[in-house]
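Should a chain be cited, it is by its letter among A, B, C and D, assigned in written order, with residues numbered from 1 in that chain.
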Amino acid sequence: MIPRYSRPEMTSIWDPETRFRIWFEIEAHAASAMAELGVIPHHAAKKIWDKGRNAKFDIARIDAIERETKHDVIAFLTHLAEIVGPEARFVHQGMTSSDVLDTCLNVQLVRAADLLIIDLDHLLAALKRRAFEHKTTPTIGRSHGIHAEPVTFGLKLAYAYAEFDRAKQRIVAARREVATCALSGAVGTFANIDPRVEVYVAEKMGLEPEPISTQVIPRDRHAMYFATLAVVASSIERLATEIRHLQRTEVLEAEEFFSAGQKGSSAMPHKRNPVLSENLTGLARMVRAYSIPAMENVALWHERDISHSSVERMIGPDATVTLDFALARLTGVIDKLVVYPENMQKNLDKLGGLHNSQRVLLALTQAGASREDAYALVQRNAMKTWEQGKDFLAELKADKDVTAKLKPAELEAMFDLGYHFKQVDTIFKRVFGKA
Amino acid sequence: MIPRYSRPEMTSIWDPETRFRIWFEIEAHAASAMAELGVIPHHAAKKIWDKGRNAKFDIARIDAIERETKHDVIAFLTHLAEIVGPEARFVHQGMTSSDVLDTCLNVQLVRAADLLIIDLDHLLAALKRRAFEHKTTPTIGRSHGIHAEPVTFGLKLAYAYAEFDRAKQRIVAARREVATCALSGAVGTFANIDPRVEVYVAEKMGLEPEPISTQVIPRDRHAMYFATLAVVASSIERLATEIRHLQRTEVLEAEEFFSAGQKGSSAMPHKRNPVLSENLTGLARMVRAYSIPAMENVALWHERDISHSSVERMIGPDATVTLDFALARLTGVIDKLVVYPENMQKNLDKLGGLHNSQRVLLALTQAGASREDAYALVQRNAMKTWEQGKDFLAELKADKDVTAKLKPAELEAMFDLGYHFKQVDTIFKRVFGKA
Amino acid sequence: MIPRYSRPEMTSIWDPETRFRIWFEIEAHAASAMAELGVIPHHAAKKIWDKGRNAKFDIARIDAIERETKHDVIAFLTHLAEIVGPEARFVHQGMTSSDVLDTCLNVQLVRAADLLIIDLDHLLAALKRRAFEHKTTPTIGRSHGIHAEPVTFGLKLAYAYAEFDRAKQRIVAARREVATCALSGAVGTFANIDPRVEVYVAEKMGLEPEPISTQVIPRDRHAMYFATLAVVASSIERLATEIRHLQRTEVLEAEEFFSAGQKGSSAMPHKRNPVLSENLTGLARMVRAYSIPAMENVALWHERDISHSSVERMIGPDATVTLDFALARLTGVIDKLVVYPENMQKNLDKLGGLHNSQRVLLALTQAGASREDAYALVQRNAMKTWEQGKDFLAELKADKDVTAKLKPAELEAMFDLGYHFKQVDTIFKRVFGKA
Amino acid sequence: MIPRYSRPEMTSIWDPETRFRIWFEIEAHAASAMAELGVIPHHAAKKIWDKGRNAKFDIARIDAIERETKHDVIAFLTHLAEIVGPEARFVHQGMTSSDVLDTCLNVQLVRAADLLIIDLDHLLAALKRRAFEHKTTPTIGRSHGIHAEPVTFGLKLAYAYAEFDRAKQRIVAARREVATCALSGAVGTFANIDPRVEVYVAEKMGLEPEPISTQVIPRDRHAMYFATLAVVASSIERLATEIRHLQRTEVLEAEEFFSAGQKGSSAMPHKRNPVLSENLTGLARMVRAYSIPAMENVALWHERDISHSSVERMIGPDATVTLDFALARLTGVIDKLVVYPENMQKNLDKLGGLHNSQRVLLALTQAGASREDAYALVQRNAMKTWEQGKDFLAELKADKDVTAKLKPAELEAMFDLGYHFKQVDTIFKRVFGKA
């Protein structure tokens, strides 16, 4: 996570201010619950809220205490005691640091997921708008980078829409994975804290009680969360790669918006490069990599060790901030993508009609040729087009073995673009619910 | 995937025989659908089924054809034509290899997931049985490898149960991710194949139609699948690590079953090592690693490239077979785990009652001490126990600052194990639905 | 490692026969050394060699013994005793299984490295031959997929040559990392075995004595080895990606050799796809992934645990066999690559001379324009070429602000291809030692 | 990279100030070289140095320009022109941004490597000092967490010393991998810049000229660099794991230094946890993960794309700063490690002499027993010790099958600790060059 690739709303989730505020809320809600249960005096809980609700926690002071105690939660509690006064001794009763830290982390991850879901909604809206705009814009479909058969540019965006719709569902599931709260005390036995405190705080913080914790919330939940982010990042890489290909000089079917004043190269003034999409490719690599330490974090020793902590201090912000930035950047790229339908048509025409090879193949088999013979017949004419730039239809019409099965007029009728697009509406209905 | 770490049922999913059988079923069901739609003659579909239903595909022959065509599906279709006869030209009409390959892969991954779910059911049953067996067996809970407060051994197994129950839900979700079928033809436009063929085949193969495919089924689905397996493997590593710790010479609270005739070391006849759990740790590393190439597979070029294929030929079997083996091995370890309650008690007693330090701390704050003072009071007595092996209760009773707040009898009452276990039933109810 | 992506010589390194043969050699050489030191009788060492030198070890028998003992080295030693007779009690004196296993693994990894070095020599030879063949074949250099300035196709291959020359040096270093032998006995103290036995066996097996082992050879060595393979695989991916780009329909500057009889697509007979290069991309992903568990293997517990073993049983063959196959496949691709110089020229001409934009920019600054002004001047003419297909030179000559600084003849002289290639010889000398 | 896990010297390498200073030096040295070659006026080169040598670059101003141009090097050059004046048009002649960026990155990585080498020297010194201090301190060696045979604590530290000595050599090699400089201009052809400029600047910046660059310095170099850091991090994890084990309550053979005022737990005042070592474990996971995107960066498209850039902006600082911090932290842990020889002895005695089982086994074979019979004899007595806590020597002396081969006095003589340590000097000489 570096400023260049960060947006403020996501970044602020990981600010010390936010963290201490969440810590306070967990402690204060716990105090309220304990007061209700008669474990601590009602006035103490009230005092904690009164003093802390609008307190500005002094981060430098907390840091100073931590330098001595080498324990961040104790440092915070000590500072809180300075604010609350003697009633502070009723704070954190029967709780352990992990109760605060883990519940806080999950609040942060849930908030981050909420922002990511909004990001995805924006991206989906952009994809949908551009998909309908180009629903019938013909372009060549490519397999292996080689012209295959025609698709529409709208279909390309519809693929992406469907993929990011799955991404959204996955983030929703990942959010649910980490939306738990643990206030179970040392080694998770509730020996010194009533389980009802956990239920109360969970509800207040918008979480579910963790059914069984071992002082820490189990890290398989977080592994699943970060693995999900990694998969979403991989989908970003896919769409970014598509755009990078489309902007190639020889293809130039679409282009990232190039703003006035922008410079493509310090040396070559003619350059207009898909730098945003390339950047997204790199960011995707990072988000993907963070999944590995998240998974290595699962195997904590016995009831807990703290090896996960340094990892999470890094990947908590790094993964969410980077993915948020990438999703927003990708949305901008799609929103402002400059599309060149005439270049698409030009490229489509490039292979002299070869993209109809399959249709001819099928017609030959329908006309009685074996699959193998039909394949050989079509391939030998196709290769003349491929290698010598001949017109595919003309070659077919000149091939007696072909015309023995299919009349020239039948062949001509097969070179019709509409044939390829007859199911576009069907597909759009599947993806968008309407065509 | 190597024989040493493989079980036959999972391995057989990836056999060439199984693959060709699934390919045949996809082609034959597609023929049936096309016959119903009037695209090919009914007798042709019937002939395909009649000839192919019980055919034994000749793998050596298919391999020989592939060596020439360098295309596996064409090789299969050519061989199938040898079996079916002239009607074979109605096979694969309007389809592309990916329709067969991707739908087959998803059938295999779904079947693999089904086996993994059964594996998890067995593991969950073993964990539950042993958890109830040791529901009240006291043992020390450890954070950072250091004695913390008491738990029960049943709780340790209940943690694992809850984690593998989540694992099961995740595999169910991963199965759903890949349970799709695509028969959309070249570049996925259905130009040469009716979408109703896809719907028909999907239903016959137990899958859902892929809403939009690009010749290939999008690989974000598979990335999610393998990422999920990786998370489950990480949970295996956690439980395996726990057992390795418990079997350490100095701890020896539990031990892998050591069969008659087994030898622990070629050099040291006294050894009995947790080799199964160590082995599981290594296997988990492998399954985890496979998630990375699965995620790198997502960004295929344009409508498809085939870079994913070599990866999937490897990790398809490698990840599922290894995870299946690991889950079964772990189930065996849990089922036969030798548990030593007396050693647990001995270890629990080792720290001279220090595990009650928090309870004393809380009582001191309840008796009016500030959190900071109480902490210091307890810590100074605890350190005498820690460093000089003194009895913690005796030290406390001898400390006037302590006894100014708490009477000796009160202190003694705090050294009661039952205090720590009063919520075990609550937790078991949360985890197992009953206590 | 699957047969499809395996070559026999590398695979045979990992055969059980090879492994048992290496085990025997280690044991027999150790016996010779011990006989020399007087630890065991000379006739015993002789008998071991006499009986074992040409013995065919019965793998099924060894497996059967292992099923009982659950220990592979003990199983082998028991079988060896059946072959050698009573003197077998002098085998493995003071040694531990790891002495045999780890030294054997390193022998295998060294042999694998030797094959990889040969593979790289072949690849380097192919790259060099083709580089000189196309030393002066002009082609456009591309940054961001966008035309930049001209290079030669020979330079592209020279880049690859330099990279794989580094790869070779890295494999040489990786080989050195694992070329060690340990015969230090239990926990590595040489308590029961003379260090001179290790020195003797190391020399016989072509290894160096491990300076300090802990029963196992430290796994940082193997981590480095597999990490190196992963980096080499990444270089394969780079060159494969280049070829995939060059074969794109719109680019078609080079093409994988397409053999007679080969079929590109089951549906579209016109297809000729860069499937080998795509395959290499996938294989590279796999070799890269194996580095992660290799690194996780480093942190064994205390003097050793066996979690590394299952990982190495898999990645030992998987990584080396796959990389060997990939290097050989890449060599074939380069050797037989079909190059289209006329297409290169056609593409080079595509941007109407824009690739000379920098030269004009520099001339303008030399003629007194500030860098910023010169940049703006060139960019405004370049954009007309980029967006409207105008001829760049013509536009420049028609721009009065340009011609105020540079005369038309001067401008024309700047559109000379040779200008870009004047240092090709210099570069070739740096890379190949000659031009 | 977060402040909590950062040290200032390494962090400062990645400061904007440092970066711009290095950029300036590259540009200014290039100007000097060009002046010598007569490409630009001598006074211009002088002016660039005069104005820039002590200039303080205005980061906010550069950022503002970049917001318009979207190009960081152009922004810097524009700002530099504001400082230098009209002669600035002679800056960056024939160069491209990558010349500046890549050479700068390599300067930073070289400086980072230099700091890491110093870190390793400190760590090695600490390990050596403590190794000699405890050269003869007996402790039990453990395989699989199970007591094996005795070692000395000095040997444990010597293992680590040898491993980090290899780590140092690897960093030296990694430094060499990235110590290259490229000033080859657009697409690396030197069309607009004399190769002698590169040679000159390389020498001034302490680098070697990159033999062949493609505008960018090839990223296999950086992949190797970060992979090496990842391997070193894995070695940190190994030593950290050892300490975590040694500090376990049941083992307590060594302990991280616990400072006055430090608090181990907010809930349990008795806790002293190996939190630094656990932290190191987590940090190692991070540094390891960064190797994956570094390797994915290798396959840039054609002569270059910019997907590597976002990755390197993150992992450049993240990997080096984190590893620097971790090495320093580990050095502190080793330096101040509290060692408990008496606990080591106590643990060593725990298994009733079982660690001599191999010696008895060997003596039995020397006395004529077959290996299998001897193993069975020893194992049956060992298991009584293992399972019932019997004294191993007493059991052996009471076993008639044993005493038929070995007299009681012979057996007694085998229970001598010195036997295990007779080669400690040999090993120390191998590792440290002296004993």
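Just so we're on the same page, a contact is a pair of C-beta atoms (placed from the backbone, for glycine too) under 8 Å apart; a residue touches a chain by one contact, two chains touch by 3 or more.
In UniProt terms, the chains line up like this: A, B, C, D = Adenylosuccinate lyase.
Bear in mind that the values here come from a model prediction, so they are computed numbers and not experimental data.
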Co-neighbours of subunit C and subunit A - touch as defined: B, D
Comparison of A-B and B-D (more C-beta pairs in contact): A-B
Euclidean distance of C-alpha centroids - subunit B vs subunit D, Å: 32
Cα-centroid distance, subunit A relative to subunit B, in whole angstrom: 24
Junction residues of subunit D - those touching two or more other chains: 77, 92, 94, 142-145, 148-149, 185-186, 192, 244-245, 263-265, 267-268, 273, 275, 278, 281, 288, 292, 296, 301, 305-306, 358
Interface residues, subunit B side, partner subunit D - complex: 140, 142-149, 244-245, 247-251, 263-265, 267-275, 278, 292, 296, 347, 350-351, 354-355, 357-358, 361, 375, 378-379, 382-383, 385-386, 392
Interface residues, subunit D side, partner subunit C - complex: 77-78, 81, 86, 88-94, 141-145, 148-151, 155, 158-159, 162-163, 166-167, 170, 173, 177, 185-192, 195, 209, 211-212, 214-215, 218, 220-221, 223-224, 227-228, 230-231, 234-235, 237-238, 240-242, 245, 281, 284, 288, 291-292, 295-296, 298-306, 358-359, 362, 365, 369-372, 374, 419-424, 426-427, 430-431
List of subunit B residues in touch with subunit C within their complex: 1-2, 4-5, 68-71, 73-74, 77, 92, 94-97, 185-186, 192, 244, 259, 261-268, 273, 275, 278-279, 281-283, 285-286, 288-290, 292-293, 296-297, 301, 305-311, 313-315, 318, 322
